[in-house]
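Down below is the structure, laid out as structure tokens.
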Amino acid sequence: MSVVNQPQRSGERAPDDSGRATAEFEPRITAFVCNWCTYTGADLAGTSRLHMASNVRIIRLPCTGRIDHVFIVKAFERGADGVIVSGCHPADCHYTAGNYHARRRFGVFRELLSFLGVDPERLTFSWVSASEGGKWADVVNETIERVRRMGPFDSYHGLAGAATPADDPFARFEMPAGATGGTAAAPADGHDAASQAPSGTGDAS
Amino acid sequence: MSERALLLTHDGLATLVEELAAAGTPAVAPAWAGDAGRAAGASAAARETEYRTVSGAAELAFGERLPRLSLKQFFLPPTEVLFSWRRVGGGVELIPPPTDFAAQVVLGARPCDAAALPIVDKVMNWDYADELWNARRAATTVFSLACGVEDDSCFCSAVFLEPAAARGSDGRLTPVDGGYLVETFSDKGEAFVAAHRESFTDLPAGAGGEVLAVQAESFRATARERVAGNLAVDHGRLRDWLDHHFDDPFWAGLGPRCNGCGVCASVCPTCHCFDIVDEPESVGRGVRRRNWDTCQTCVFTLHASGHNPRQDQNARFRQRVEHKFLVYPLKFGDVLCTGCGRCSRACPTGQDLAEILADIDARAAIDAGAGAVGDEGAADEAAS
Amino acid sequence: MSATPTAQGGAQALPRTGTIYQPDLVVVEAIVDETPDTRTYRLRFTDEAKAASFAFRAGQFGEYSVFGAGESTFCIASPPTRTGYLECTVKAAGKVTGSLRQVDVGDVLGFRGPYGNVFPLEEWEGRNLLFIAGGIGLAPVRCVIWNVLDLRDRYGEVTIVYGARSVADLVYKRELEDWAARADVRLIVTVDPGGETPDWSGEVGYVTPVVEKAAPSPDNAVAVLCGPPIVVKLTLPVLERLGFADDAIFTTLENRMKCGVGKCGRCNIGSVYVCKDGPVFTAAQIKALPQEF
Amino acid sequence: MSELQDTARRLLDEGLVQVVIGWEEGPRGARPVFVTSAADCERLIFDARCVHNLATFLNPRRSQITALGKAAVVVKGCDAKAVAGLLREAQLERAGIVLIGVRCGGVAGEPATLAPPALSAETVSARCWGCDVREPESVDMLVGEAQPEPPVTADLDERVAALDALSPAERFAFWTKELSRCTQCYACRQACPLCCCERCIVEKTEPQWIETSPHPRGNFAWHLTRAQHLAGRCVGCGECERACPVGIPLGLINRKLQQVVYELYGYTVSEDPAVPAPIGAYATDDTQDFIE
């Protein structure tokens, strides 16, 4: 995998996302793209100096057929607010049928994610060919705007526990509310906290 | 410990639970797992209970089905942080987890779950003291609820316990008319009662109190008698048999049915094996956790080279039985089992530990040239 | 119930050194490429007081951390006679050992230990010593060998039989040369058939038959054997045929471990825990165990 | 019953198989049994408590079972679909097994009862909802009386639809709560006849895609992956949910994906191994409404 288009953010991102206010929220987007079409298309968008927001980290893979659903899960785990998966148009796959296989898998996975409550609006699937720099710019800009409106995906990022106070922002000790039985460490019983959502999950869309 | 037993009326219990909730002291108790269980005429499957922190008496499921998971999760959580780390400059900084746990109380623990705590204490303090386990133990006061025996899979009396065993409990509640007779067995239990004295009432003086005491003893005696019929084994010869029959074809008869899922270990109050994993949280920082693990999975003993000392489920199932009834006894004295029967009830394929123990005991008896102990009928029935 | 009654909760907060599962920090001082997939790491405690107080004995092991990848169990491969550092020799095979390949001199790792029992080196004084090792199994044996050679006059004859799959797979090549050059050490190095190079001057054959051919005398002798489980299993009967008593044969076992301190329940062989009752066992002890290692 | 026992006895007597995998009466109800001698065939039973999917025991990685020799396995309709799944994926050779089909009119939700319950909407397993196989067709022999349709139980589709009707945030809250109980014991995987990988992805460490720690983040990754890997493969036998020691409603997820592969690709679980599974196949005109 290689990374291009390192975005220039205004200011260093704080290690703790919890302070991200929606007003100044810059979504973090991870894009998994195929090497042959979309990556080249993204490159074209860059060299054509098309206007594009800089929130996207591109991860290049040989083919959309190589893009496993766990990549998307990992992106959300590690702080992505949205994910783009993009590759060659149907019939254009460098490996003949990788994108067809991917289309089926993501058709299912998108529904699965949605059923488990991950709003599919956080995901963009697109076909962007090597010559479609403009389309790539549109895909990126539209995704960013959509995800910006949805707000940070803190409900997923926080699944493994709330960050401890600001003086120790990296340490995560507590089981989150609603975890199995709760640990004795939990300061208060949070058993039913999850059921008090939806408003509490921060994923209102 | 206590000079005189007290009474905890149903109202007193409700007050106590609310008081603890108001004070922010977690009160862990068997509670309905879902709303469905509480409903009149709920199906057996819906009447699931679990230990959890409760805030009101309506949640309590005292004297109902055995909670799905044992009490161990409150002392050895399914996952917990051992430390967190981050890169600082060229070095690494480690941050230990907090161990100053707030006081909590368990109300209505099954005696078989409470008894597991001192059993696992021995492992957790074998030359090296496990601070996290010990700190949670120190912070927790355990009141058990004398058990009326769940069903035929219970066999606490076959593993040195009984349905009202005091082991591992700081105090005990026994059901009587109007509430529970309360006894305390430790300073911690005593201190808890003293701190919440207004929720407890004195036993009526004279005959009224004696009636309740007799009721409590009768409750315990009935349960004792009932569970004693489920299983009886001679642990000495059982251990000898295990020690000398590592390669016995007996094990190949047990492995095929086993799914290798380790549900038995998840639900077991004494299974304490764990995995240690690193989880990156971001670039340059992460946590090390320990997670429940089980000897029933193929990767448990798998070497990085690909060599696996326990190649199949026959070997892995044997390990579970041997750990409980041979390895632990040789190291620490008693057995790594409290007879709660959860493994048998939870097993998706019907593997039954009481049956297996009866079977081994019968074989051991033949080896030893003696008859089976206790109720032969029960052992034979279970072994059939 | 040993716990003290408390109304306000449990134990005190931990000191910065943390729980028994929290390692001490060590810095990588040197890395030696032993084979294409095996490296030796020389480590020093970052805490001076810890470095000064750290002591161990031959045979013990440690839990080594690569932060972010996890922890893995290796013997301490350097001898206790050389203080101020400790060494481990690691073959890249899994997640942690693979991550160690990415480590550079100056990087910080974690170490917990020493754990486990020891070779009874004091009891061996005055006796002849036979060391047999296969592959990376030379690491724990190397610790004993240097310990003995550093106290050379306390021991009798020293014979070392070492085998690896191929010449490229031999570890500690410089030290093998040192030992070969010493008059007070008899060194036999062998590689598996097909693993020799054109200029290979050592033996060709598996360790087990080479030991049998070398026929070391069992008189007043102790054998130390370490290698993959298969080498241990095959060589034990050979030593027996050569006349070594079961309690004069020592080996170390390395089962999969996580905690190293007898808690995680992973390393037992029958009723012994390799981490607490081992890793050093005599052949007599091993014979009494189920052959589940 | 005797027909089943006689069939098993004949297979063993004639040396056609070395083990018959069926059900027996255990101490807590029906349970799987591995009969290796003709004399033991009298242990075999089949009734409404025989809920276990015995295809699970045909996983070629279960060396303690393959060591017993060639197997005959007693299969209900749902079991036969799982066997077809294994055949479809070349985990088994058809000639390497003997399938004894049993006519099935539905099974109970719970095998651990001392007598077979009368099947009713309350006692019948959720898995039997919509089951259309009274007699499996892909078997070598068929035993038992003709069976009626199972009682109509709670409609799984209605429960799925109820969740679908919620907002994503509400569904997320629902699943966060449910999955927070998961201890990642993988009983769901072990009970699944189609979860037969040599090494499960969750046990692969280089890289460690799925966090094995049972916090909700690790649990989401695990359950998303388990479900995705079973999409178009799950036969709906419900063994995962039954095996779960903490009662996570995995059947809802599995059913949802059955709906999805039907709606998107017209696929329903087939007892015919020659019918390709939807994931791993494709059509050039597959729907791509979701792709920009």
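Chains here go by letter, A, B, C and D, matching the order in which they are written, and residues are numbered from 1 within each.
As a working rule, contacts are C-beta pairs under 8 Å (C-beta built on N, C-alpha and C of every residue); 3 or more make two chains touch, one makes a residue touch a chain.
Keep in mind that what you see is a predicted model, and the values were worked out from it rather than measured.
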Pair of chains joined by more contacts [C-beta pairs], B-C or B-D: B-C
Chain closest to the middle [Cα centroid of all protein chains]: B
Intercentroid distance (Cα basis), chain C paired with chain A, Å: 46
Approximate Å spacing (C-alpha centroids) for the pair chain B, chain C: 38
Chain B and chain D, separation of their C-alpha mean positions in angstrom: 31
Sites on chain A at which at least two other chains make contact: 160, 175, 180, 184
Residues of chain D touching at least two other chains: 183, 208, 211, 213-215, 218, 246
Contacts with 2+ other chains: residues of chain C: 10, 94
Parts of chain B lying in touch with chain C, wherever the complex brings them together: 82-83, 85, 87, 90-92, 94, 96-103, 118, 123-124, 126-132, 134-140, 170, 185-188, 190-191, 195, 243, 246-247, 272-278, 280, 286, 288, 290, 293, 295, 300-305, 307, 309-310, 315, 319, 322-323, 326-327, 330-331
Contacting residues of chain B [partner chain D, same complex]: 33-34, 43-45, 48, 50, 68-69, 78-79, 152-153, 252, 255-257, 259-263, 265-267, 275, 277, 279, 289, 291-292, 294, 297, 299, 311-314, 344-346, 348-352, 354-355, 381-382
Residue ranges of chain D touching chain B (in the complex, touch as defined): 26-34, 52, 56-57, 62-65, 67-68, 109-112, 122, 183-187, 189-191, 199, 203, 208, 211-215, 218, 239, 242-243, 245-247
Chain B contact footprint on chain C (complex, rising order): 1, 3-23, 25, 46, 65, 67-72, 93-94, 97, 106, 108, 110, 228-229, 255-256, 258-259, 261-266, 268-271, 276, 290, 292-293
List of chain D residues in touch with chain C within their complex: 205-206, 208
